[in-house]
Amino acid sequence: MTEQFYEAPTVEQVSELVAAKFGKAVQLKGSKPRRVYMSADKGVLFELATYIHDVLNFEQASSVCAVDYESHMTVVYHLSNYFNGMMIELTVDLANDDLTVASVAPIWGGANWHERETYELFGIVFEGHPKLERLLTPADYQFFPFRRSYKLRRSD
Amino acid sequence: MSKMWVTMGPQHPFSHGLWTLKVQVDGEVIQDAEPVIGYLHRGWEKECENRTYPQIIPMADRLCYSASMTWSHLYCKVAEEAMEIEVPERAQYIRVIADEICRIQSHLMWLAAMGTDLGNLTIFLWALREREWFLDLNVKLCGQRLTTNFPRIGGVRNDMPYLFERDLMRVVDLFEKRLWDIIALTDDNAIFMSRMQGVGHVTRKEAANLGLTGPSMRGCGVNFDVRRDDPYMVYDELDWEVAVCDDGDSYGRYKVRIEEMFQSCEIIRQAVAKMPDGPTRVKAPRNVPEGTHVARLEDPRGESLMYLVSDGTDRPYRLKVRSPIFVNVSASKRLVQGGRMADVPAIMGTIDMCLGETDR
Amino acid sequence: MAMKYLDKYPKNNSRHLWVLKSFYTTFKQIIKTTRHRPVTIMYPYEKEWIPDYYRGRPGLVFDKCVGCGICERICPTTCIEMVEVDDAKAGKVVRPQVNVGRCMMCGYCAEYCPTKAMITTPEYELAAYTREGLIFDPYQLAYEGHNEEMQVHMHEHLLSDLQKGITDNPVNASLVDRPALDDAKCIGCSRCAKECPVGAVEMIVVGENDKGKPIKRPKFDEAKCIACEKCVMICPKDALALKEVL
Amino acid sequence: MAPISNWVTFANPMDNPLYQFGAVYNLPYDVGYKIWQLLGGLIAWLLDVLVPGNGVSLWLVGNAVSNALALVLMIIVVFAVCFIVNLTMIWIERKVLGRLMDRRATRIGPLGYLQCLGDGLKTFLKEHIVPDKADTKGYMWAVSIIIGSSVLVAGMIPLSYRFFLADYGSGLLIIFGLFSIAPFMILVAGWSQNNKYALLGGMRAAAQMISYEVPMLVVFASVALMAGSFNINEIVGYQNDNVWFIVPQIIGFVVFMIAATAEAERIPFDLPEAEAELVEGWQTEYGGMKWGLIMLSDYFRGYVACALGAIMFLGGWTLPFVDDSFLPEIVFLLKVILLFFIMVWTRGTLCRIRTDQILNIGWKILLPLAVLNLFVVVVLKVGGLV
């Protein structure tokens, strides 16, 4: 089955196509002009990312970051389309006891260092990443400084 | 001669800051490269979690010394989005003008660095001479040269001072003439051209995939500018062009930056002509309602993005900064591979390194 | 709007002159600078013009300061500390002391100062021999010949005002934000009245309790209050909160 | 026995039977001779006062001692002149570059002239450091030879027909030979420092040296062919009699100036010390006064390059249509400074070029041009036009 290639999909197209293809694994959380917010299950992330890159033509991963909500962690992807300025905000929730997620670095080369940074600061392991090593902090660091459990000296 | 690894940095004239580029050379030809950063990592994002919203603005200035205006603007923008306040129109125009002043002076700083990278100190000093005017404008507008601390959540710090428009117009007019003098040293110079053309070639698809943004990306033929395609402030009301060049080499990236300086002058001119009267600042609430917000903006060096998670208190729960250089420098292996040792400054110079925002 | 450089550049024939145009340009510059003075200035001997509102080190107008501590709280680098000084005129008072070594000259202290006692001075040469020399006590902070220009004003507009179409009523937090009392929590300890730096809180008797003791409640003088939040922070029962006006 | 006061008579040095330079008057020798007559005469007089009628006094002012010490003093005089000329050239470079870049350049002393002395004093006070794992012998010898050969070749340049150290028949060749020792030693210096930047810089120096000395030698050959001699005096005399070689050999002049710029390692050809990518190239590990002397020797080499250009193409110390007895040294130095100004101007205008480009220019452009120049000379010579 060959899928149609969308050079500059509209907000509605993105919502409909993703909903049609992935069903319940992806929850659409709303949209604004040029923004689509969605949240995906961990299992379908790589497939979804490939779909967004290849079919919907989101050529760049603007940023990959993590947020520590204490009850769980969330990995947030911001994906940009260069033809109409659209941006997808994709969140993936991870349970605290299983901090692994598929790496999107093979799809978007730009996500490479973002994932390394997220790994070293939050301890989230990206499976399939070409080189998951510490980037900003020294190589012998033992802890993950951006987690909420890591308190700064002056923090109250 | 067998292959050897040469470590360029962290104290190296080409690196413009503290970072290392390890290159494997076979004679003069580069086989492999690996950038190493992190010497300046100070946990900026973590520090913000312990500061109130207004206190972060001067900190955002310190992300990059030569793009301080756009960084603090971006922070204010994401905070405004979170607080759901709209900036008064006059403040929007002032912000646009301030951003473009910042863009010109940042590009001039880049041009200066590019000159020394290629061994010509004259370009450096001439570009810095013109940059001084824009820094003087910064002094006049907000009282500081580099760390401006000018945008505020809900507007700008102060209105334009007396006779600022006049000075601005004079500087812009004179600068456009003087820039051609520098171009005579670069474009009209066969040696400069031979150093820049054909080195660090990246195709459009690769550039988009590697996450190059800003002039580096537009020099490779990606026709995208956040100012036009995801407009903020009043950029969509002004008539200007996005500089795009299909060359994909160092010279293409150079051309895009030069054109952007001219376009910035035009934006400033139009913004001053169109500027309405009115208030410049809205009182911002202290606490921010819960939610996640994202804002992006065209930094002089690329697309900068901030992701804010607020939890209803007066301090951000998490503030993520997407620095354009952080991603651009990750592509340096692809850029310098196959080039020569002498091409490294010519290629990495067009990335316009700034380590403050890379390591954060 | 056309490209100014990218369109013009392909028609630029001077680049076929190899390097001659560059040589001509630099030679012009030599001739020019031999005639006029170079643009660089000889820094320690001559200095660049800077406006009065240049953001150098913070300054203090001692008599205007009420010691409210807003500057201490807004300072992003926590370089301001409120210290007690024995003043000849005012007696024991609390005034800010600035560690200029940590100061990043953001000008927030002057901007948020409700009485405009903090100013930004155009002084930027701050080298000292010791770190202690960089800690400016309230008297050192004074700046000779300070003027109106050195004050930083916060011309904020209320969003509600703008929606109503009022655009000429600049306010700031110290003018509109006022503490509000949660009557049920108040125990009438009158700490807020003691703490208030401007004497805007007055304890008034509102009734008697079961034992015949008077019940006191704070009353705020809206005109005097500067919204410094000192009463809010000192309150042991969290009965006070700052009510923001937007 | 003449009275002692008669010893200081400023006798003509050419009357000394041991005079070295034949029938040619030598100005620095004369100066040295007169200085020794003052100095030695004073010592002899003092000795004579203390011990009247002693032989040492007579020996001190005798022909043999006078000649020997006059030669020593002459070398000192020549070096001092070279040194002062170099300081002036450094000052000119910094001043012109400053004006070109819209800044003030040197500030110390009258018109900033003494800045170089200040810088020299500063580098002199630095510690002497040898890298731990460097090859110490190579490290020290290479830099000594670079500095020594540069100073020697600068001293070999005659300032006029009467201001020279030695008047060789093959003077031009000897100067060229000494001039091209340094790039070879740069390779040794780069290798011995145990530093990768220095090694790459040394390699570049070797590549550059080979590609630039060939066209330069061809130009030398065509100049010598046209003048019919390698003797500097004769080359200059031939130009004075006929025409400055810059007119028939304009191609050769351009080729020579480019090659000489490369030989003196100045921008745009300062690849061995390309500071953007190689930190300081082959000089990376040299610090303190070693570095200061390397910098000084760079200017000595720049001076030699310009002086060779002035000798070979601009008629040396002669002026056309003007009586050439008018201070020939000054005329010569003015020509040198004119050429040096062009070098400085180039430095302020151009970028550094790349390694492969420098080889391309050397082999593919300059060498054919130099051969073309030689061809032109041969045609002129065969046609009897010159």
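The letters A, B, C and D name the chains in turn, as written, and every chain counts its residues from 1.
Please note the rule applied: contacts are C-beta pairs under 8 Å (C-beta built on N, C-alpha and C of every residue); 3 or more make two chains touch, one makes a residue touch a chain.
Please read these numbers as outputs of a predicted model, since none were measured by experiment.
S.K.: Name the chain pair with more contacting C-beta pairs, choosing from B-C and A-B.
M.R.: Between the two chain pairs, B-C has more contacting C-beta pairs.
S.K.: If you take the mean of the Cα atoms for each chain, which one ends up farthest from subunit A?
M.R.: Ranked by distance of C-alpha centres from subunit A, the top chain is D.
S.K.: Rounded to a whole Å, what is the gap between the Cα centroids of subunit B and subunit C?
M.R.: Distance between chain centres: 28 Å.
S.K.: What's the distance between the Cα centroids of subunit A and subunit C, rounded to whole Å?
M.R.: 40
S.K.: Using mean CA coordinates as chain centres, what's the subunit A-subunit B distance in Å?
M.R.: 25
S.K.: Centroid from C-alpha atoms only, then distance subunit A to subunit D, rounded to Å. What do you get?
M.R.: Distance between chain centres: 67 Å.
S.K.: Would you give the residues of subunit C that are in contact with at least 2 other chains, written as numbers and ranges?
M.R.: Subunit C, residues with two or more chain partners: 19, 22, 25-26, 29, 39.
S.K.: Where in subunit B do residues touch two or more other chains at once?
M.R.: 122, 129, 185, 189, 191
S.K.: Could you list each pair of chains that touch one another?
M.R.: A-B, B-C, B-D, C-D
S.K.: Of all residues in subunit B, which touch subunit C in the complex?
M.R.: Answer in residue numbers: 51, 54-59, 61-62, 85, 88, 122, 129, 132, 139-140, 142-144, 147, 149, 154-155, 157-159, 161, 176, 181, 183-185, 187-191, 193, 239-241, 243, 245, 255, 258-259, 262-263, 266, 278-283, 285-286.
S.K.: In the complex of these two chains, what residues of subunit B are touching subunit A?
M.R.: My answer: residues 37-38, 41, 43, 45-47, 49-50, 205-206, 208-213, 222-224, 226, 228-230, 292, 294, 296, 303, 305, 307, 309, 317-318, 320, 322, 326-327, 330-331, 334, 359-360.
S.K.: Of all residues in subunit A, which touch subunit B in the complex?
M.R.: Counting only subunit A, the residues touching subunit B are 34-35, 59-63, 65, 67-68, 76, 78, 80, 82-85, 87, 89, 108-114, 117, 135-138, 145-146, 150, 152, 154-155.
S.K.: Please name which positions on subunit B make contact with subunit D in the complex.
M.R.: 1, 4, 6, 8, 12-14, 25, 27-28, 115-122, 124-126, 129, 185, 189, 191-192, 194-195, 340-345
S.K.: Which of the residues in subunit C come into contact with subunit D in the complex?
M.R.: Residues of subunit C touching subunit D: 19, 22-23, 25-27, 29-30, 33-34, 38-40, 42.
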